[in-house]
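Handing you this structure, nothing more for now.
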Amino acid sequence: MDQAPEAGEFMLADLGGPVREALFPSTPVGDGFDTVVPPGHGATRLLPGATVDMLGPLGRGFRLAPTGYPIARLLLIAGAESLPLLGPLFQAAPSVVLVVEAATRAQLPPPNRFPPTVELTLVTRDGSAGYLGPLEAEGAAPAGLERAHTRLVELVAWAERICVAHDPSRYPALAALVKRVRLQPHADLAQAIVRVPMPCGAGVCDVCRVATPRGERRACVDGPVFDLLDFLPE
Amino acid sequence: MDQAPEAGEFMLADLGGPVREALFPSTPVGDGFDTVVPPGHGATRLLPGATVDMLGPLGRGFRLAPTGYPIARLLLIAGAESLPLLGPLFQAAPSVVLVVEAATRAQLPPPNRFPPTVELTLVTRDGSAGYLGPLEAEGAAPAGLERAHTRLVELVAWAERICVAHDPSRYPALAALVKRVRLQPHADLAQAIVRVPMPCGAGVCDVCRVATPRGERRACVDGPVFDLLDFLPE
Amino acid sequence: MIELAPNHKYGLAIDVPLMPASGAFGYGDAYGDLVDISGLGAIVTNPISLQPRQATQGRRIAVHEDSFVVHTGWPNPGARRVIRDYGATWERLTVPVIVHLLANHTSEVARAAALFSAVPNVRAIELGFTAAASRKRAVELVTAAAVEGDLPVIAQIPFDRVDDLAPYLARQGVDALTLTAPPRAVLPVDENGEDPGVARFGRGRLYGRALFPLLLNTLSRWAVKLPVPVIACGGIASPDDALACLTLGAAAVQVDALLWRDPSLLDRIARALAKPRAAYPAVTHLLSPNEPETEENV
Amino acid sequence: MIELAPNHKYGLAIDVPLMPASGAFGYGDAYGDLVDISGLGAIVTNPISLQPRQATQGRRIAVHEDSFVVHTGWPNPGARRVIRDYGATWERLTVPVIVHLLANHTSEVARAAALFSAVPNVRAIELGFTAAASRKRAVELVTAAAVEGDLPVIAQIPFDRVDDLAPYLARQGVDALTLTAPPRAVLPVDENGEDPGVARFGRGRLYGRALFPLLLNTLSRWAVKLPVPVIACGGIASPDDALACLTLGAAAVQVDALLWRDPSLLDRIARALAKPRAAYPAVTHLLSPNEPETEENV
């Protein structure tokens, strides 16, 4: 590998099937990277030490800041399943807050998985642990519970950059929240990654098209990291 | 493997392709056997120690003699390419004569490959070593050469059993030779093996049909070892 | 109990929706103890003609990657000899025997069908057609088999003739359809086999996993739509494959020449299919062939 | 030099009998340095319609074993936008550009063909048809493209319409034929992907090695027999595969979606095809489609 993929970029790996599969870095390791794949994924059948042919790095990853203008306050927002996609950002700024949302307590990641510099905010949609989700829901919370929304608004106001890895069906609502809190958000203030099959990785096959209110984009070349505000409802 | 294949019997091995392939024993080794496959054959890609799923032993092998009536004088006749098929018979009788025919000297096997009890008779079709072939050709030989035919007639008269592994297109002429020398040859006096693809090994697929003047036979269940006289022209 | 010939006076009821395809299993006794025939729904015989047929000469199989082609000329000892050799075996079987006839001439098909009708436990005729058989000729052949034979008639449809022949024969009174016979294909010949250098291509009937995605397409387009039961055939290589075919509306499945590699496949599929029908997964993302197509549902 | 449109006034001469298939390569610049376009015979664009088209929603790819199906709805920015975005790129290429048009309505095809005729270095139109297009309609579409466009017209024939459409269009004046467009297929969906549990089957255009034996059969039956050049397409995955197609009479080959796995395949095939033509192996054991069939020669 000439170069390791950065956060949100991907490698197209030949795992023996008829099409390549996208591998995203979850942790940079030396010159290479660790990746998290679902159970049963082709990559789990690889033997340790196996050589995998890869193309990449491909795609537009998370864009933290122009060189020379480092950011101090980074907000990460993840669904529990998409959390590994944000792994390479856990130490990307002096102050990192990570909001993780899961359906229920059992699906939350163990807090010891994170570097001590990451400040963790846990959210469950059933209120079984941490704040009560969903993230974008407002209104009074049942007794003994606190709404995630209130906390999220604070964090969005605080952050210099917001990086999101969640179910894309949530992006319109999250975009609306950012727009409400920040009024005139600049381009790339909030960025969101979309994970879809990307068989060609070259903008050729149209399998990875993502519909946004601003028209269709291809995840492999226009993304997979988009400006969250592209998803803002018209 | 429950049981190792005997001379002329075969195993159907699953070597990863969509059909099984027949493996013939060339040398019995302990409970198993060695087999000789052509260069490029699927089996050459197996790693040492690989487990291969096999069905068998299948087919009718060489029938030397009913139990209790051991034979003393065994004649083996092989084309150089088919020689491994007779390997398990090299020590099957106190006195074994092996006739090997090749196109030219370079294709003859090295004599040190055979047990010392085997008496070797080498034949080349171009006369570059040993007797001058082809085996069944009569008539005067060019100066300095001796016809294989003369020697073969002696050996056929001498033998109690004759086992042949050669190109099946030669079997009609060899059958005629045996018939001429032995006049009333008994069943199974001379036997010949036919090697064809045998994908099912069960008499189902008809791929292995062998045409004889006495009608079609299936190599996998009626053979692969046939009475040589089945090939006698009508 | 699955009824494969609901419109026929005798019907063709089977317990398990599974049988070997014609040509894959011989005449019933070939696999001996390797296959438990009583666990199948039926057996289908190798192709049989009225008169004996000999094998073609030359290369009869070519293997390349995951596929192989077979070209034998359908040798068989002829109807009378088959009955003499296997009639008693068939009578002892606990499952129905479906006799596969090479459908060449109406008179020959009629006579063969009449002969097999009289054999105990022969419960249906399956007809194989040439790829070039016209609709008219196919109906004549089906009619010849049905009238003379008195047994349910199943038509095994050539691979590239489904759209044309399947709905037509179903309307014209065939009792069930086998979709499909193997397609013709040409394979490059790997030069490491028995006769290196002789031929670069082999032609014949195609077998292998390659057929399965095309079979599923055919089923998804036709199985539910046709007014007679459909038997799925082509590239089925696992219990999951068999379940997929039933999910798409096949009444039963045939396992083709892939079973030569793994005769135990029949028993494994039989066990999977013996589970209660409700356990079959449901079709979700697939257009029913009767529904109009829209951008949304294709 | 290979002439792909010998009957057309301008012709379509290419140096190397190799090009990507429509849909596999984008509009020419997608693979950047990974593919040396100057080593190809031509490029074929992704399918283009006169008006912009959006992608279908829902699952667009399903992978199973060695095959995959793709279902996208052929999204594209429409003819005018494509010309604006890629016209300059095409002009700089040293090889001809073949524009693939989605052949839906004659008036749209005619207008799109006229637009592309005026673009420098666009040297032919390839038409893609729906599987259901009648002969009459197919000829109308070809005629519309030819009359308005002034360029050679290549027809990419649907997989299961070769016997029906290929000889007919060849007689009616098409300049060359691409055999074939990918077949439709249905694949069981491996439940380990992005959306477990959502769908058990995916439908779409089939790609993979499965197609190659069927392509060779189509070529062996038709390539020599048809009066116009045939471009082979379907499952080609190696230089040997490409040579096999040329041996069976194809004038050129297209590499389909298998090149996504291995973009270097194009360069490797190009190198193999650059060797002198006499080195191609000869057909030995294969019936020429013009010869009468006998027991001996089939």
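In this document, chain identifiers A, B, C and D correspond to the written order of the chains, with residue numbering beginning at 1 in each.
One rule holds for everything that comes next: a contact is a pair of C-beta atoms (placed from the backbone, for glycine too) under 8 Å apart; a residue touches a chain by one contact, two chains touch by 3 or more.
Just so it is clear, the model here is predicted, and its values are computed rather than measured.
> Taking each chain's centre as the mean position of its Cα atoms, how many Å separate chain B from chain D?
51
> Please work out the Cα centroid separation of chain A and chain D, and write it as a whole number of Å.
Roughly 38 Å, centre to centre.
> Would you kindly tell me how far, in whole Å, the mean C-alpha position of chain B lies from that of chain A?
Inter-chain centre distance comes to 68 Å.
> Based only on mean CA positions, could you tell me how far chain C sits from chain D in angstrom?
About 33 Å, centre to centre.
> Note the residues in chain C that touch 2 or more other chains, in rising order.
57, 66-67, 209
> What pattern do the touching chains form: line, ring, star, complete or other?
Topology of the interface graph: linear, an open chain of contacts.
> Name the touching chain pairs, please: which are they?
Touching chain pairs, listed by label, come out as A-D, B-C, C-D.
> Hey, which residues of chain D end up touching chain C in the complex?
56-59, 64-67, 69, 71, 73, 160, 163, 183-189, 198-203, 206, 209-211, 213-214, 216-217, 219-220, 240-241, 244, 247-248, 281-287, 295-296, 298
> Under the touch definition given earlier, write down the residues of chain D that touch chain A in their complex.
Checking each residue of chain D against chain A gives 23-26, 30-31, 34, 46, 54-55, 57, 60-61, 63, 66-68, 70, 72, 74-75, 190-194, 196, 207-209, 257-258, 260-263.
> Which residues of chain A touch chain D in the complex?
My answer: residues 14, 17-20, 38-42, 55, 195-197, 199-207, 209, 211, 216.
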